[in-house]
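Look at the two complexes coming up: subunit A is in both, with subunit B in one and subunit C in the other.
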Partner chain A sequence: MRLSLNSRISAITALLPALLVMLVVYIGATGWTVWMSLTNSRMLPNNNFVGLRQYEMLFGNDRWITSVHNIVIYGVLFVSLALSIGFLLAVAIDQRVRAEDTIRSIYLYPYSMSFVVTGLVWQWLLNPTLGIQHVLRSWGFEGATFDWIVRPETAIYCLVIAGVWQASGLVMAIMLAGLRGVDEEIWKATRVDGLPKWRVYVSIIIPMMGASFATAAVLLSTGVVRLYDLSVAMTNGGPGIASEVPAKFVMDHLFERANIGLATAAATTMLITVIAVVAPYFYWRTRKGEMR
Partner chain B sequence: MTAAAQPLPAARRSKRMTPARWGLYAFIFITALYFLLPLYVMVVTSLKPMAEIRQGNLLALPVAPSIDAWVKAWTSACTGLTCQGIKIGFLNSLRIMVPSVVISILVGSLTGYALSLWRVRGGNILFGTMMVVAFIPYQVFIYPLVRVFSFTGLGQSLLTIVIIHTIFGLPTMTLLFRNYFASLPVELFKAARVDGAGFYQIYARIMMPMATPMIVVAVILQTTGIWNDFILGLVFAGRDNLPMTVQLNNIVNSTQGERAYNVDMAATLLTALLPLVVYFGSGRWFVRGIAAGAVKG
Partner chain C sequence: MKRTLFASVAIVAAACVSVPVSAEEMKAEVIHWWTSGGEAAAVRVFADQFTKAGGTWIDSAVAGAANARNAAISRTVAGNPPTAMQLNTGKQFDELVEGGLLADVDAVATEGNWKGVMPAAITAAATRNGKMYAVPINIHGQNWLWYNKAVLASVGADEPKTWNDAITILDKLKAEGKVIPLAFSGQKNWEQNLFNSVLIGVGGAQMWTGILGKRDASLARSAEFKAVAVTYKKLKDYVDAGAPGRNWNDATNLVIQGKAGMQIMGDWAKGEFIAAGKIADKDYGCTVLSNGSGGYVMGGDVFVFPKAKDPSVTKAQMTLARLMLTPETQIQFALKKGSIPVRSDVDTSALDACAQKGMRYVADKAQQMPSGDMLAPPAMIGALQDAISQYWNTNMSADEFSAKVAAVLKSQE
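Moving on, here comes the complex of A and B:
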C-alpha cells in the first residue's frame, strides 16, 4: 500500500522518540562508555587515550576478580536451581491437583516483589543471632549452624537462596504453559505403551520443551548480569568484599570511588559478555523463524 | 510466544488418593511452606515488640500483637538524615510511577503501532536493535545518561526519572504492542485507510480501543516494574524524589545502633504492598504479562 505524504510524516514523527533513544542511548551512550574505558578518566571524563590499560588494571583488581568469581557461582547455581525447581513445581501442578490456582499464586508471588524487599527479608531470615539458626537451636539442635551470611566464603550462596526463592515461580509459570501445550495424544500413546510417568517426563516431555527451557534460561541469565539490588540490600557486598558483583563494581567506581575509566572498562566487559551470550540465542531464534 | 496456561482436558484427571498422590501433595505442601515462610516471618516480626523478637522464636506468633512498628515505619523511621518514615518514599514512588506508566505505554504503543502496521524504512533495524538492547545491563548506559541529563539542565529530577523509565520500558512496551497490532486482521486497518482516516486517527480511534487487553497487561508490567526499581531511582530521581525501595534500603541498612527489626519488616511489607495487591488482584493477567514479556527472552 502506498503511503500518502501526510501519513508518512506522521509515522516518522511517531517514531521520533524511539529514533532519539536509539541514537542517544543505544548508540551514543554505549559508544561513549566504550570510549571512556579506553581513557584514563578519573572523577571527570577526559579523552586521554590509554589503550587497554584500564582493562589490565581491571583484571588485576581483586574486587573485580571476586565480583566475576561470584557472578559465575551465582549464575550457574541460580539458573540451574531455578530451572529445576521451577520445572518440578510445574510438573507437580500439572498432575490435576486440587486448588491449582491457589498453589500457583503461592509459588509465583515472590516474583512480584522487588529485589530490595527479597534481599531484606532473607537478610532477616538468615540473621545468625535471631534468624533460622536461632530457631533450629531453640528446637534442640544445639550445634546447628546456619551463619552463611556472615561468612565470606558462603555469603554468595545466600544471594542464590534469595534469588531462587524469588524467581522459581517465574520458571514454573513458563514451564506450566509449555506442559499444557503438550499434545494429549502423546500421553495417550505412552499410557498404551505402559511407560512409567517419570520416564515419559525425562525421555519425551523434557526434550519437547526446549523452547520453554531456553526462554526461561535466557530470562534468568539476563537477571544474573543485572544482579545489583539484591547484593546491595542483602549484604552490601560483604562481609568485606565477599559478595561483590560486577554491576555493583561499576556503580561503586562510578559514583563513590570516582574512577570512571575503570568503571566503564568493567561495564564494557559486561556488555561484551552479554552480547556473546545473546547473539547465538538470537541467531537460533531467527533460524527457527520465531522472531515475528 | 508462550501461551498462557490452559486448563487440562478431562482425560488426564485421576483423583484417587494413591501413595504417589500423597507424595505429590506432600511435595506441594512443603514447597508452598518454603515460598510462604518469608511472608509469614515478615508479618509476625512486624507485629512483635523488640523485646519479644530478642527473646522469642522467629516463627512464633506474636504474644501481644501491636501495630506500633507499622506506625513508626510509616511516620517516623529514619532514612539517613531525616526521620519522617517511609511515607515520603511511598509518595515519591507514586509520583514517579503514575506519569512513567502512562508515558511509557503511550510512547511504546505508538512505536509498536508505527512499526507493525506502517511500513517504515529501517523499521526492522530499529526494532531489532531494541530487542538486543533489552538484554544489556543498565551499567553500560548509566554514566553517559547522567552526563546528558546534567548537560540539558534537567539533572536529577522527577522529569528525568520519568524519561528514564520511558527509555528503559520502550523495548518491552514496543514489543508488546507491535505483536498485538500485528495479530489483528489487516482488513480492519485497510478499511480505515480507505475511509480516509489518518495515522493518528487510526491509532486513537481504532487501534488503542481494541488493544485494551494489552493495555491492562502493560499497566501491570510497568506498575510492578517501576515500583520495584531501585537502581534507576537511586541514580536519576534526585535526593527529594528517592523512591520507596531506596528509602527502604536506607532505613534498614544505614541504621546506627541497635536495629529495630519489627520496624524494618513493617517498612519492607509496606514497600511490597502495592506489587502484592497488583499481583493478587490481577490474577491470571499477571501471568499473561510475564508470558508477553517473556517473548523478548
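Moving on, here comes the complex of A and C:
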C-alpha cells in the first residue's frame, strides 16, 4: 500500500513539470490570446475592451477571406494527393522491386528538407524565366507554358505541388509499414480465388489499413493548419494576396504590422475552426471506445 | 586539482561579473538590423566613435528588420531594455512614448541645434509631445528612378523628368523589344513602393499628404486619385513575366547588365551599382520623377533610447546620441551606407553624384516629403499594401481600387 502511494507521488512529481507547462504555456497563452482579440491592442498589448470589433474587421478583410479559401483548397488537395501518391508509391515498392532500399530512401528524401528549402527549390523550378518553362522552351518547345506561380488564380496550386512532393515520401513510409503488416495468408487466399491484384488492393488491403491512413491523415492535417513557411519561401503570399494563408496573416499582423488585436482575432478564429473539426471526431472516438 | 580548477573558474566568473559594476564606465548595448557588408561597416562607424569617447560598444545585430524590432521592443516592455535600438523613422515608437518607456534626447538636440540643420519633416518624425525622442541618423530616398544610360541612349532618350516622359521611353523600349522596359520585383512592399512613387509623382504633394497624412477618404475617390491608379496599373505593361516574387536586387541587376531599362527603387539600390563597379552619371543615371510640385520621399533610420534607472546608462545614451550626429560621423556613415546625411551642413564633396543630387532635393523645402511610415501607423500601411497588391495583380478596376483605399482610410478614424 505504502509502496503504491509512494509510486503515485513520484508519478505525480514526474508529471508536474509537464502539467505546469501545459497549464501555463498552452492554456494560459491561449486564454491570453483570446482576451487580446477582444481588445484594441496595436503594437503593445493593452486591456481596452472593444468587444468583437476585431472579428468584424477580420471578416471584412479581403486578405483573410482569401487566406481561408486558400487553406481549404490546399488542405483538401494536399491531404488527398499526398495520401494517394504516397499509397501508390508504397504499393509500387511492395512489388518486391530491385534496389528497394535505395528507392525508398530517394522517395523519403524530400521529407528531410525543411519547407523553406522545399519552397525555394520549387520557386526556382516554377519560375517561368528560370525553371521548367525556360528549359522546355530552350529545347525547342516554343509554345510551352508553365507559369502557374506568377498567375494569381493558380499560385496556390504551386504550394500544393511543393507540399505533396515533400510529404508523399512520409506517407509512403507509413503505408509501406502497413502493407508489410498484411498477413501473407491473405495474399495466398486471394491467389487461390484468382482475384486480380488491383481488386485485392481496393477491396481487401485498403480497408485493412485504416490505422495507417488515419495516422498519415492526422500528420498531414496538422501540417495544413500550420502552413506558413512554404508560402513565405515560395511566393511570399503573392502574386498580390493570391497565396496568403491564415498562419501568415497572423504572423504578419502580429509583428510587421503591429496589430496584435487583429492578429489574435485571426489566431482565435483558427483555433475555433480546428476545435470545431476535431471535437466531433474525438467525441466519436470516445463513444466508440465506450461501446467496446 | 579539482579545487584549483574551481578556484580559477570562480575568479574568472567574479571578474566577469565585476565589470559592469564600475560606475564610471559607459556601456552601450545596441540592437540593430544592419548585418550585410556595407551596413555592418556603417554601424562600425558609430561603434568606433563611441569607443574613442571611452565607451564600450556591445553589438547586438539581429538579422531582419522586423526581428530586430521585435527583440528590442519585447525586451523593453519586459523591463530589460537595450541601451539603444534602431527603428525606422516614423510611427514605430509611438506606443513606446505613450507607455513612458523612452528617454527623450531633447537636451542633446537643443545643445546641438539639430532642428536648425535637419529637414523639418525628419525632426517632426522624431518629436512627440514637443520633445525629441529619437535620433534620426540618415535619409533614404525611396522613390528614385535608376536607369541604364546606354539602354536609354539606344532609343535616343534623355533622362525623364515626369512620369509622362518615363512612359514615353518605356513605350519606345517596349516597341524595340530588346530589353525589359521596367525592371520590377513583384513583392508586396515593392508593389507599394512603386505605387507610392506614382502617387507622389503624378498626384503631387497635396495628394501624398492628403491620402497618407490626413487619411482623407473623399480624396481617394477623386478623379485625380483614379488618374494615379490608372498610371500605376499601366506600368504593368512594361514588366516581364518573371517579375512576381523577384528580389529587388535581382531587378537592379537587370538594369546593371543592360537587360532592363529602368527601375524604381530606394537609394539602397546604389549599393548594387557600386558593387558591380558602375559609376554614377556615367554608366547609370538617377532621378526623381515629379509633376513639378515636388516630392523626394524621405525615409530613414532612427535610434531610440529606452528609459534607464542607472545614471551611467543614461550617460552612455546621451553620449551616443551626441556622437551619432556629429558632422564627421554623419559623413563617414553616409559613405558606407549609401544613404545621405541627415544634417544639411556637412561637406558633401566626398559623396557620389546621386547622393549629391539627393542632398540638393533635401535642401529644398518644397521637395521634402515625409515617407509613408512617418505619416501613418504600420497597420494602415499594411492594409494599403494589401489593397495595392491586389490591384496590381488582379484585374480589379481603378474604381474598385479607389473604393478600397477609401475604405482603408475610413477604418483608421
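Just so it is clear, the second predicted complex is superposed on the first by the 262 of 292 C-alpha atoms of A that agree within 3 Å, B and C clash if a C-alpha of one lies under 4 Å from a C-alpha of the other, contacts with A are read in each partner's own complex, and residues count from 1 in each chain.
Note that a contact is a pair of C-beta atoms (placed from the backbone, for glycine too) under 8 Å apart; a residue touches a chain by one contact, two chains touch by 3 or more.
Everything numeric in this text was worked out from a predicted model, so none of it was measured.
Undergrad: Which of the two partners, first being subunit B and second being subunit C, lies in contact with A:Ile71: first, second, both, or neither?
TA: The answer is neither, since A:Ile71 touches no partner chain.
Undergrad: Check the residue A:Val171 against both partner chains and state whether it touches subunit B (first), subunit C (second), both, or neither.
TA: After superposing on A, A:Val171 lies clear of both subunit B and subunit C.
Undergrad: Just checking: does A:Val79 make contact with subunit B only, subunit C only, both, or neither of them? Give me first, second, both or neither.
TA: It touches nothing on subunit B or subunit C.
Undergrad: Return first, second, both or neither, reflecting whether A:Leu130 touches subunit B, subunit C, both chains, or no partner chain.
TA: Touch partners of A:Leu130: subunit B and subunit C.
Undergrad: Pick one for A:Asp62: touches subunit B only (first), subunit C only (second), both, or neither.
TA: Second partner only, subunit C.
Undergrad: Is A:Asn236 touching anything from subunit B or subunit C once the two structures are fitted on A? First, second, both or neither.
TA: A:Asn236 contacts both subunit B and subunit C.
Undergrad: Thinking of the overlay built on chain A, is A:Val160 touched by subunit B (first), by subunit C (second), by both, or by neither?
TA: neither
Undergrad: May I ask you to decide whether A:His253 touches subunit B, subunit C, both, or neither, giving the answer as first, second, both or neither?
TA: second
Undergrad: Of the two partners subunit B and subunit C, indicate the one touching more residues belonging to subunit A.
TA: Of subunit B and subunit C, B contacts more residues of subunit A.
Undergrad: Please write out, lowest number first, the residues of subunit A touched by both subunit B and subunit C across the two complexes.
TA: Overlap of subunit B and subunit C footprints on subunit A: residues 123, 130, 236, 255.
Undergrad: Okay, in this complex, where on subunit B does subunit A touch?
TA: 2-6, 8-9, 11-15, 21, 24-25, 27-28, 31-32, 34-39, 41-42, 45, 53-54, 57-59, 107, 110-111, 113-115, 118-120, 123, 126, 129-133, 135-145, 147-148, 166-167, 170, 174, 179, 182, 190, 193, 198-200, 203, 224, 227-231, 235, 245, 248-249, 252-253, 261, 264-265, 268, 271-272, 275-276, 278-280, 283, 286-287, 290-291, 294, 297
Undergrad: Which residues, counting only subunit A, touch subunit C once they are in their complex?
TA: Subunit A residues touching subunit C: 42-44, 57, 61-63, 123, 127-130, 147, 149-150, 152, 234-242, 252-253, 255-259, 262.
Undergrad: With touch defined as at the start, can you tell me which subunit C residues reach subunit A in the complex?
TA: Subunit C reaches subunit A through residues 66, 69-70, 73, 77, 92, 94-96, 99, 186-188, 191, 240-245, 377-379, 381-382, 386-387, 389-390, 392-394, 404, 411.
Undergrad: Which residues of subunit A touch subunit B in the complex?
TA: Listed in rising order, the residues of subunit A that touch subunit B are 1, 3, 6-7, 10-12, 14-15, 17-19, 21-22, 24-26, 28-30, 32-33, 36, 45, 85, 88-89, 92-97, 101, 103, 105-117, 120-125, 130-132, 134-135, 138, 165, 168-170, 173-174, 176-178, 180-181, 184, 187-188, 212, 215-216, 218-219, 222, 225-226, 228-229, 232-233, 236, 246-247, 250-251, 254-255, 260, 263-264, 266-268, 270-271, 274-275, 278, 282, 291-292.
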